[in-house]
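Chain naming follows the written order as A, B, C, D and E, and within any one chain the residues start at number 1.
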Amino acid sequence: MTGPEQAAAGGAKPARVIEIAGLNKWFGDFHALKDIDLTVRKGERIVICGPSGSGKSTLIRCVNHLERHEEGDIIVNGVTLRGDKGSVNAVRGEVGMVFQQFNLFPHLTVLENCALAPMFARKMPRREAEALAMTRLERVRIPEQARKYPLQLSGGQQQRVAIARALCLRPSIMLFDEPTSALDPEMIKEVLDVMVELAEEGMTMLCVTHEMGFARQVADRVVFMDQGEIVEQAAPEIFFSNPRYDRTRAFLSQIL
Amino acid sequence: MTGPEQAAAGGAKPARVIEIAGLNKWFGDFHALKDIDLTVRKGERIVICGPSGSGKSTLIRCVNHLERHEEGDIIVNGVTLRGDKGSVNAVRGEVGMVFQQFNLFPHLTVLENCALAPMFARKMPRREAEALAMTRLERVRIPEQARKYPLQLSGGQQQRVAIARALCLRPSIMLFDEPTSALDPEMIKEVLDVMVELAEEGMTMLCVTHEMGFARQVADRVVFMDQGEIVEQAAPEIFFSNPRYDRTRAFLSQIL
Amino acid sequence: QSTLESVKERGHLNCQVGLPTPGFYALDADGTWSGLDVDVCRAVSAAIWGDPDKVEYQSVTSAVRFTSLANGESDMLARTTTWTAVRDTQLGLDFTFVNFYDGQGFLVPVDSGITSALELDGATICVLTGTTTELNLADYFRANGMEMTPVTNENVNVLVETYLGGGCDAYTNDKSGLAARRSAFPDPTAHVILPQTVSKEPLGPVVRQGDDAWANIVRWVGYGMLEAEEFGVTQANVEEMAANPPGPGVARLLGVEGNIGEGMGLPADFMVSVLKAVGNYGEAYERHVGENTPIGIPRAGTLNALWTQGGIMYPPPFR
Amino acid sequence: MAETHAETALIFQPKPARPAPAAASGPVAWMRRNLFSDVPNALMTLLGGYILFVVVGAVLDWAVFGAVWSAESRRECLDAVGRAGACWPGVAEWLPNMIYGLYPKELVWRVNLGFLTLLLWIAPLFMPRVVSKVNIGVSAVLLFPFLASYWFHGGEMGLLWRVFVAAGIWGFVWVWATALSEQFAGRPIGQTLLAALGAEDAADADQRRILRIAAALLYVAALALTLAWRLEEVGTRLWGGLFLTLVISGIGITFSLPAGILLALGRRSDMPVISMLSTAFIELFRSVPLITILFMFNTMMPLFMPEGTDVNQLLRAIVAVCFFAAAYMAEVIRGGLQAIPRGQYEAASSLGLGYWRSTQLIVMPQALRIMIPAIVGNFIGLFKDTTLVSIIGLFDLMSMARAVGEDTKWLGLFIEPFFVVAMIYFVFCFAMSSYSIGLEKKLAQGRDRG
Amino acid sequence: MAFARQDDDARRGGFRPGALLSDEKTRSITFQALTLAAVVALFWWLVDNTLANMAARSMSAGFDFLPVTAGFGIGFTLIEFREGDSYWRVFQVGVLNTLLVAVVSILFATVLGLIVGLARLSGNWIVATLARAYVEFLRNTPLLLQIIAWFFGVFNLLPRPRDSVEFGAFALNNRGFYMPSPVPEPAFDAVLAVFVVALGGAIALQVWAKRRREATGRLFPAVRVGLALVVLPPLAAHLALGQPLGWNIPALKGFNYDGGVSVPPAFCALIVALSVYTSCFIAEIVRSGVQSVSRGQREAAGALNLPNDWTMRLIILPQALRVIIPPLISQYLNVTKNSSLAIAIGFPDLVSVWMNTSLNQSGRAIPIVAMTMAFYCTVSLFVSLVMNVYNRSVQLKER
């Protein structure tokens, strides 16, 4: 199997920010993740794809402990996730997450949505938190919507707010779980644009997505999963033109 | 403006099955459709595209009177839509419609979904209606699912059932309102395939979609709408390679 | 249409009683009604048809008893209803006769040391709601310049249970009810009925106002039972008496002489049927509330005794 | 899409699933997780256990260990244990009355037969291969009451009543014929019948004619049966106990569904007059307590009717309960209607179905299905609320329990009967609510695939 | 085509404007008119019958009985009531008693329901099971039975006045619950003043703490300090001024306790029964409300590393409340209606003193029933009004 080392760019290798080894996860009796090994280096952009139900979401949700794993190790920025408050908080402070369904807080304004975590998780004064939130909103190009409520925005705008909100914790890693699949086609691009920019600024990203254009454009590595396993991972050029496994080929032929 | 006449294939022109003239529609104070003129000839395949909120859905929903229009004429197969029971029923008998959200009836089996309209709108005996429904289900290639309930099917299968259901009324015109945008990427193709076949069989189709591949492949004419108006309409070769208006170009650049 | 006609047409008498109450309208596990008031219903039925069982008993809460009579649902009301001026004149009702003279009293525990109702100042008192008892209680305390807190309920059992549990210092009700209840206490001797009678409670059957003929029937059936007692006519000897009446009084009463019954639209010998069915008043009394029943209210020397025996039961003459 | 793959593909072999690690199974682990996960939890567990022990213990002491099981009168009970233990013989003696009221003992079989018929009527609903369940259910609601009403009441039958009773008999025969045909022959009764007549290959129209004639013949036979039928009359005054409670709530429930549907549709109607009238009715009956409605109907309905009309007291109570229940049901159903997505209406009309057709075929089935738990909840509420008819003097379960304590023999015995009544209500209501919870779960599953 | 357009214009002019739907519309108007006529006719018929019947039975329907002396006593009143007072006064007493029962039960039921609802969500199996048993048992038996059960099972078994359970100045016996009532002396005003100032200070403290948190991000235990501020200084002042507040302490006198304020056992039983019964329904509402906040919201808060207590306060509660409040209010209405069952244990609520006793004593069925229903309708209309305002204020701002 193509190791992550091969996929990463050459030269002095950047530090490993996520290390997943021997990860196993069950939902009741259902074996959802099977012996997952994955290493992500600083600044790497990884796209995870695979058929529905293959465990993509579960995998990245394990990374910030939204799901508890039963076996194996997850080490994020040197902190081993153990399920105790200390390690979980430490990891969550480093990892921002964007969901498919946005999950904005509908009863708070856009600005409050963004300033919430800095104020209450980071104990930042309100003024500072709001200033920070505004810079992040500018970064996703919707500062003018700051006073509106989420449900007053279009889907694309909502997802950009969600990205801004995640960025407000100043994370070093961003996780995206199908950020564009609840969006109208027109809005996909505006969200992808923001993500591309983020990638270009050097953010470490782990992104579950079906947008193969995006994968080709920014991914350092594409990870293909099926039935709770990583089937193969490779740089996008190789992955798209010359996948090794029949399963991957079948998947690609359907989706492209 | 490129008239519909130019877009239609040459030779003796087939009959006009839909004629829309001077159509205006308001939602309260909001002017949703502005002076729409559109003629569709028998066997024509028309794709309508445009940004969100431009009135595409409203337009095709006017055609089978799901929305009542305030001004202008809609003539379908020679019947003028007036809002009275007679003309509405006559038109709805000629026009099948497929929705973005499928709108299958979850409490009925697939077969019952399809046989419903023939039995109750056409007063067909149950046996005949079910036989008809089976032929339509075969046409969309899921006869084996006839006894299942819609929610037991995948999205793509559901949408194909919806198409079969609409076909059971033996309509001469089919309307599609973004039939693939609620689907997972994997399933889009199976639905488009069915639609392509339908087109090849010579069904008159009016289709709102963002699938430009589909438009290129089957459309006789692409209609581009913005802010409640038809901005331009042209054969796909011309539309995609050489749109006239900057608005169209902007749109195409975003979506392709 | 007169009430008598519609009753005959219907084929049975709609007679209203209260919720089951021992002695006056008791219901047993077999579903039969019995009691002093029930006997009035039976007597009227017997007077009309010669059959005491053509009665449909309507057991109605006291809250709706008068409306239920006034709106024509029942033909008569034979339940312990106190005859008062307001009821007689303002509710569209007519009282016919008194079949039981009662009076309100108090029941207290012996160990409370209370011996007179006048010692009850400041007490908490259990009282049935929706009846004249409630008004009498208020009147009595007002008249004697005393205070009290009423604990009300429309369910006697609830009140009794409250009283037994000490939820009130005294339980007030018509004395007939007090005696009956006390008999069912775990220890009846631990409770005593105070000597005072704080109200007049003439109880008797009621009919709708405006049909005097019907009122007469009910009234004279009742008086007939009293008259029969006075003459010594009983359930056992009525046939014999009718065959050879010992005197003109009995003869008139039993319809052998005169046409009193026909004048009321009844058979001439209606009293024979009545007496065969329920006996005279004294027999009915002893059967349902007399000393040999669990209720155990002695009659001799009380208001309910015949006038000839020191009571005030004084039927107008049958002539 | 047209890219060529350089090498032949490897075959992907998914790893077999492993069972979850057994760290957390077995009773000890379960207790540790659910009862003693930390100190406050352990304390709560102990406290909860203690409460359970004390309450259950006290009830058992009174109702079982300290109780008197045989006695002739309450006096004997009191002499034996005082008031520390229950006195059951009185309740036992009155139990038939608590169930059937004053219904003549020798005719009680008619009540039993009535309820047995109901059970038989709905039994096919539990047969796996029967498909006409909806029709059977509807017939139970619409036809059974006629049959039952005659069974219970008896007496002289008017022509109209005869017609309906015959319909009831007809329905019962149809239900079982359908059930048997579908369960064992696997096809609708019509086809079985045609097969038996050898008319399977006749033209459609002929087949329909044959079926219609068969149905008519059956009806005529049923009607003929009613001619010979005369049961002794049992006036409603004699109805009582659990039987009466079931009759009142049963009728209330049955009536409330269709009436509630109409009111809910009325309230949502585009026609202002209809919607205003429906709203006024619903709001009026929802805002006052049932007991005042009962009072009102009990005392005032005879005044509302023309002089001389005799409205049975039970009927008045039933009308009051029906109005009340319909108003509540209307709101429940309105909730269900609102939950149906607009797309369903649109799909139905784009298929050419009209307002009543789509209401009947598309909207109502779904709305009712979503609201089944709420509807059952409503039923439970109604069933409990019928206790209030005791306050206007109907001899329902509650009043019968009260009558025990007024029996000269058992004077004052009233906690025990109430206890039994509470248990009866609990069993009925709990059964219904468990059923609805089960149904809710099943419905929730139905929403997913598989 | 241009020609066709003109033609169309002309046609449109001819049909102006609602004419297109003429047949649908006229049909609906006819139908409505017919319905209205039928309803009016029905009403007219009913009223006519009623008047005729009442005349025939010489019953009177007027309200002229209201000033007449009612002549019975009422065991528990909020306003002064003597045996000689009028029916109108009885009505007022009944209304106030009903409202009192409703308000007090609502308070208790809400607290209890909240606790039980959260207990049902508890991770402790026995707690969750007990809570479930509590809910299932109580909501599946008729309230009427429960009221009686509470009255006899508990309040009637309490000791007699002479053996009352006394805790300090409070006393509990089977005549009721007795509490001391305060009798302030003049110097007490000073204590009150201190209390008011302290209260102001505490509020200011909350504001200051919030400002500081927003300015610096640091937290301050404002609630605890504020409580101390409210309690301690007034207490000190009270002691310093020589305790200038007397208490009218209930004491056994004659048959009963006298002095202080008291509530009768019927009231206690009614309150407890209503609260407990309603709390089951509230518990279920609370449970489903909390569960209705989508898991995504919790996960988003978790991913943002919000501490649990703040997640509850800032994210879950505000959204759960939106779901909880409407059914909660309708439960409150139910409490008001259910308080009419007070009749079963003789607590003098509106239905008991008005529709039962007064109706029976005066025989005026129609005005009495009408007034009772009018009262309940008023309450319900008022509550729905408040409800609508609330719903509008919490509605999520959407596109």
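Just so we're on the same page, a contact is a pair of C-beta atoms (placed from the backbone, for glycine too) under 8 Å apart; a residue touches a chain by one contact, two chains touch by 3 or more.
What you are looking at is a predicted structure, and each value in this text was computed from that prediction instead of being measured.
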Quiz prompt | Target chain D, source chain A, minimum contact steps | solution = 1
Quiz item: For which chain is the distance between its Cα centroid and the global protein Cα centroid smallest?
Solution: D
Quiz item: Busiest chain-chain interface by contact pairs, anyone?
Solution: D-E
Quiz item: What chain is the most remote from chain B, judged by the mean position of CA atoms in each chain?
Solution: C
Quiz item: How many degrees of rotation carry the C-alpha atoms of chain A onto those of chain B, rounded to the nearest 5?
Solution: 175
Self-check item: chain B-chain C separation of Cα centroids, rounded to whole Å
Solution: 85
Quiz item: Using CA atom averages as chain centres, what separation in Å is found between chain A and chain B?
Solution: 37
Quiz prompt | Euclidean distance of C-alpha centroids - chain A vs chain E, Å | solution = 49
Quiz item: Any idea how many Å lie between the Cα centroids of chain A and chain C?
Solution: 89
Quiz item: Mind pulling the chain B residues that touch 2 or more other chains?
Solution: 85
Quiz item: Got the chain E residues that touch at least 2 other chains?
Solution: 53, 148, 152, 343-344, 355, 359, 365
Self-check item: chain D, residues touching no fewer than two other chains
Solution: 295, 299-300, 302-303, 391, 415
Quiz prompt | Contacting residues of chain D [partner chain A, same complex] | solution = 1, 3, 5-7, 9-12, 14-15, 17-21
Practice problem: Would you tell me which residues of chain B are touching chain A in their complex? | Solution: 51-52, 181, 184-186, 189, 210, 251, 254-255
Quiz prompt | In the complex with chain E, residue positions of chain C that touch it | solution = 62-67, 70-71, 86, 90-92, 120-124, 129-131, 134-135, 137-139, 141-142, 148-155, 158-159, 161-162, 165-169, 208-210
Quiz item: Contact residues on chain D for chain C in the complex?
Solution: 74-75, 78, 82-83, 93-94, 96-97, 101-102, 104-105, 235, 237-238, 295, 298-300, 302-303, 308, 310, 313, 391-393, 395, 399, 402-403, 405-409, 411-412, 414-415
Quiz item: Of all residues in chain B, which touch chain D in the complex?
Solution: 61, 64, 66, 85, 89, 92-93, 95-97, 99, 101, 103-107, 116-117, 120-122, 125, 149, 151-154, 165-166, 169
